[in-house]
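One structure, as structure tokens, below. Some questions next.
The chains carry the letters A, B and C, assigned in the order they are written, with residues numbered from 1 in each.
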Amino acid sequence: MSIALSQPRVARRLPLPSRQTLPLWITLGVCLLMYVAAGLRYDNFFTPQVAVNLIGDNAFLGVTALGLTFVILAGGIDLSIGSAIGCTSVFIAAMIENHGWSAPLAIGVALLGGTIIGIVQGLLIAFFELQPFLVTLGGLFLYRGIGLLVSRESISLDNPMYVWLSGVEWHVRDGVDIPLAAMIFVVLLLLCVYVARWRPAGRAVYAVGGNEQSALLMGLPVRRVKIGVYAFSGFCAALAGVTATIYMSSGAALTGAGLELDAIAAVVIGGTLLSGGVGGPLGTLLGVLIFGIIQTAISFEGTLSSWWARIVVGLLLLAFILLQTLLQPRETHS
Amino acid sequence: MSTGVAIPEAGTAAASAAPKPNSAGRLRALGPLLWPALALAALLLFNLAFTPGFYKIQSIDGRLYGSLIDILNRGAPTLLLSLGMTLVIATGGIDLSVGAVMALAGATAACLIARPEDSPLSVINVHGLLPLIVFGGMAMALLAGLWNGVLVAVFRLQPIVATLILMVAGRGAAQLLTNGQIPTFDHPGFNFIGSGSLLMLPMPFVVGVIAFVIMLGLVRGSALGLFIEAVGNNRVASRIAGVNATGVRLACYVVSALLAGLAGLIVTADIKAADVNNTGLYMELDAILAVAIGGTSLAGGRFYLVGSAIGALVIQTLTTTILARGVAPEATLVAKAVIIVALCLLQSPPFRALFVRRRAA
Amino acid sequence: MNRFIRTAVVAAATLSSSFAMAADKLVVGFAQVGAESAWRTANSKSIKDEAEKRGIELKFVDAQQKQENQIKAIRSFIAQRVNVIVLAPVVEAGFEPVLREAKRAHIPVILSDRRAKVSDESLYATFIGADFVEEGRRAAKFLAEKTGGKSTIAELEGTPGSAPANDRKKGFDEIIAKYPDMKVIMSQTGDFTRAKGKEVMEAFLKSPDAGKITALYAHNDDMALGAIQAIEAAGKKPGVDITIVSIDGVKSAFEAMAEGKLNCTVECNPLIGPQLFDLVEKVAAGQEVPKRVDVQEGVFTQEQAKDALPNRQY
């Protein structure tokens, strides 16, 4: 397994003790447990298409959560990501359908816009020492307001390039098609894992999140790191918005509303601590998969009414987090 | 709260080495409340100048009626939520479930009154007695608060995640109670909570004021406020000092839930129905915003109930202003964003350092 | 890790396929909008009851009004290889890609209650639902008759972008255009909820033109019921000072009419279970079905309310 192989290298390069990867193993274990349990209960659950769907359907949750992972690792939080998805998706749709922009232009501007707003948030947090929760809450309101002002209704994308894009997939074999959204997620995931483990930028993020004072004293560019993670998070949210437009061939301002909470839950389930410094993108992948398994299982079950579905999701999350807390080595949080 | 606050009006006072206790001292004590109060004043002044009829108050059927009254009326639930949220935030946590608790309490009360078929609560017959109905709703809120409190204080789960669970499952539980229906009712006593009036003022506002006074007394009149601030500031130190951190945190989540329950009862009584899907939706964000406007730091520690109350009023005034002017409601969201950032900047030391020249001591 | 999962998946797939039996029962996947109103709950109940009566295995998924959830549900239905998919789209646009997938998987799709906007009509077998445009027209016709063709109207709209809101407005405006003395002077969304209906009506009644309002058109009963409270609080008499017409036909509306507070409600029948499953069975058997099936509904006024009240199921 790739984790075990690189452990000696990790121990040499990173100041992280190996017990820090224990939460990841626990999460992996529970994820597999849930997958197998669902598979035994429902027909057709173990088909490759379901596995691919887990990645593809949750691609924009996944992309968003990956961006959020770095923010949380650095000790911050980003509430604006969910609304950013809706805003970028409706922006792209409006620009293409109503103003005749070309698809690459609209997508490019949207990605740039998300990154810039992320940078602005980072600046406010790093330079003026504002609370990340509040600044990004402001971002949430801003994105949602702008999105709704652009268009209250969803806008259908009939642009030929988009029609082509939404059909792009890798036809592995009969019944197994990997959509573009899933591919984007996997590529981004690999990139994040690489940066987190093997690049100085990634290690700097861990350092800043672990202990900001120490990082400052070590000479790390703490402010730049902070701005960087928020910029990346903004980029990822915008990318998720682009992915959403491809997935649904339309843009709507309310897409992704509330997703930030799902993303936070996915990141936390994946073993990343909200206080920062511990965790990583692989954990987030597991968190997203767990979310996906829960949702797929509920739809395979097919008999849960709206309210029972909500209660079950809540209870499963609770069970998971309790399990994680109990199995983890006792740490004293200040 | 550091005294290094240079308020423009107190300019000369800040420069002198010997602090004059009278004007400068009092203004400095106002410090954190100054900005929210100014924001509120600015909004009200804007309306005075540009919105005709905003200040018109009539008396209809023995109660006051007008935009200002609407602010007090519609702002009451946010006020209640923000009071509870202040305490929770002061302990270093957060409560995302308040909207769901509102729905739960409202659903319980509505089911106790209307006793719809297929509702698990229909087996209980309270014979339409108002105290029992209110008790039922509040009891449900209490349970919710205990749930949150135990998860956070005893199991040491992270507050965001712990309260997120109730936020998700709570509405589901409320729907379970109503069996997916919107039970309607017409109970004169209960309706009064939402749409009645006392001394010409709307009942929700009166309830809000009473709750505010009680909270203020509870927190400032006893050592509880100190304990909360201690726990939020430095949990280890407070434990060593003998403060029961677990108990204090548990209590804060319970109080937050109880206040949310009260808000839920008001909202439900107002529309004479329990609309579980929409009651309190996104109100937790407004509550957190109100607390932030009011000067309480999200990192925990010092808290300002009065500030949060002003914050709640600011938000409601904003919403009502936008509605009154016929502007698209979406603009409210953008305005909220601007206000959050502006107020935070104004309260942030590095930002203020840009504008205040340090005079030689 | 990916290799491990793939091996496990292949192993389990071979295991589970040996357990799979040919399904005798029809399996239908239903992607419902949510449980946001009494109408919707009645709709869901009608469908679940009917499926049970006919021995059809129903996979019911509630999307909590989020489009992403509906798309996920449909894709999981495809993965579960259901016989027929029924979709009640929460918004009109955005379902084309997933409907194409269903078509490729040879699973027919029926649209229920609301339409989806698609460029290729063959992506769905049939649509069964209310004619929202006609509902809007009926409301306007009633109002024209009741007020003698003269009224200044305040409108409470439904959720922006949803088919019912768009169509009910369209139908209403279509008829109103014929009456020069009937005009909509203010229109805002109440999101189909009681609370918002009350809030927006309160704002309407405080606006400078409040005195001119003689009629209210609400896209659904819940909003109208909220508005009635607002009107009473403002010291006016709903149903008398302001003529009120709304759509849906829920029980509370009938009660309000019996009390003289609501003037008319246009029925929007949620109990489509029987008609829906007739279509499902036909489609599953590969038979031809009409592209569009309308649900039967009527118009109810105050005079009829008291008599009709005991029969109202929802």
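Note that contacts are C-beta pairs under 8 Å (C-beta built on N, C-alpha and C of every residue); 3 or more make two chains touch, one makes a residue touch a chain.
These numbers were taken from a predicted model, which means no experiment stands behind them.
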Of A-B and B-C, the pair joined by more C-beta contact pairs is A-B
Could you find the chain whose CA centre sits the greatest distance from that of chain B?
C
Between chain A and chain B, tell me the centre distance in angstrom, where each centre is the average of that chain's C-alpha atoms.
31
Using mean CA coordinates as chain centres, what's the gap between chain B and chain C in Å?
35
Can you pull out the residues of chain B that are in contact with at least two other chains?
175, 180
Spell out, as numbers or ranges, the residues of chain A touching 2 or more other chains.
152, 305-307, 309-310
Can you pull out the residues of chain C that are in contact with at least two other chains?
34-35, 44
Residue positions on chain C within touch of chain A in the complex are 1, 4-5, 8-9, 12-13, 15-16, 19-20, 29, 32, 34-35, 44, 57-62, 64, 66-69, 71-73, 75-81, 91-98, 100-101, 117, 119, 160-161, 166, 189
Chain B touches which residues of chain C in the complex?
34-38, 41, 44, 188, 191, 193-196, 198-200, 202-203, 206-208, 222, 225-226, 229, 233-235, 252
Touching chain A in the complex, chain B uses residues 94, 96, 151, 155-158, 160-162, 164-176, 180, 234-236, 285, 288-289, 292, 297-299, 328, 330-338, 340-341, 344-345, 348-351
Which residues of chain A touch chain B in their complex?
124, 127-131, 133-135, 137-142, 144-146, 148-149, 152, 261, 264-265, 268, 274, 305-311, 313-315, 317-318, 321-322, 325, 333-334
Which stretch or stretches of chain B touch chain C in the complex?
52-53, 60-61, 65-67, 70, 74, 175, 179-182, 184, 195, 267, 270-273, 275, 277-279, 323-324, 326, 329
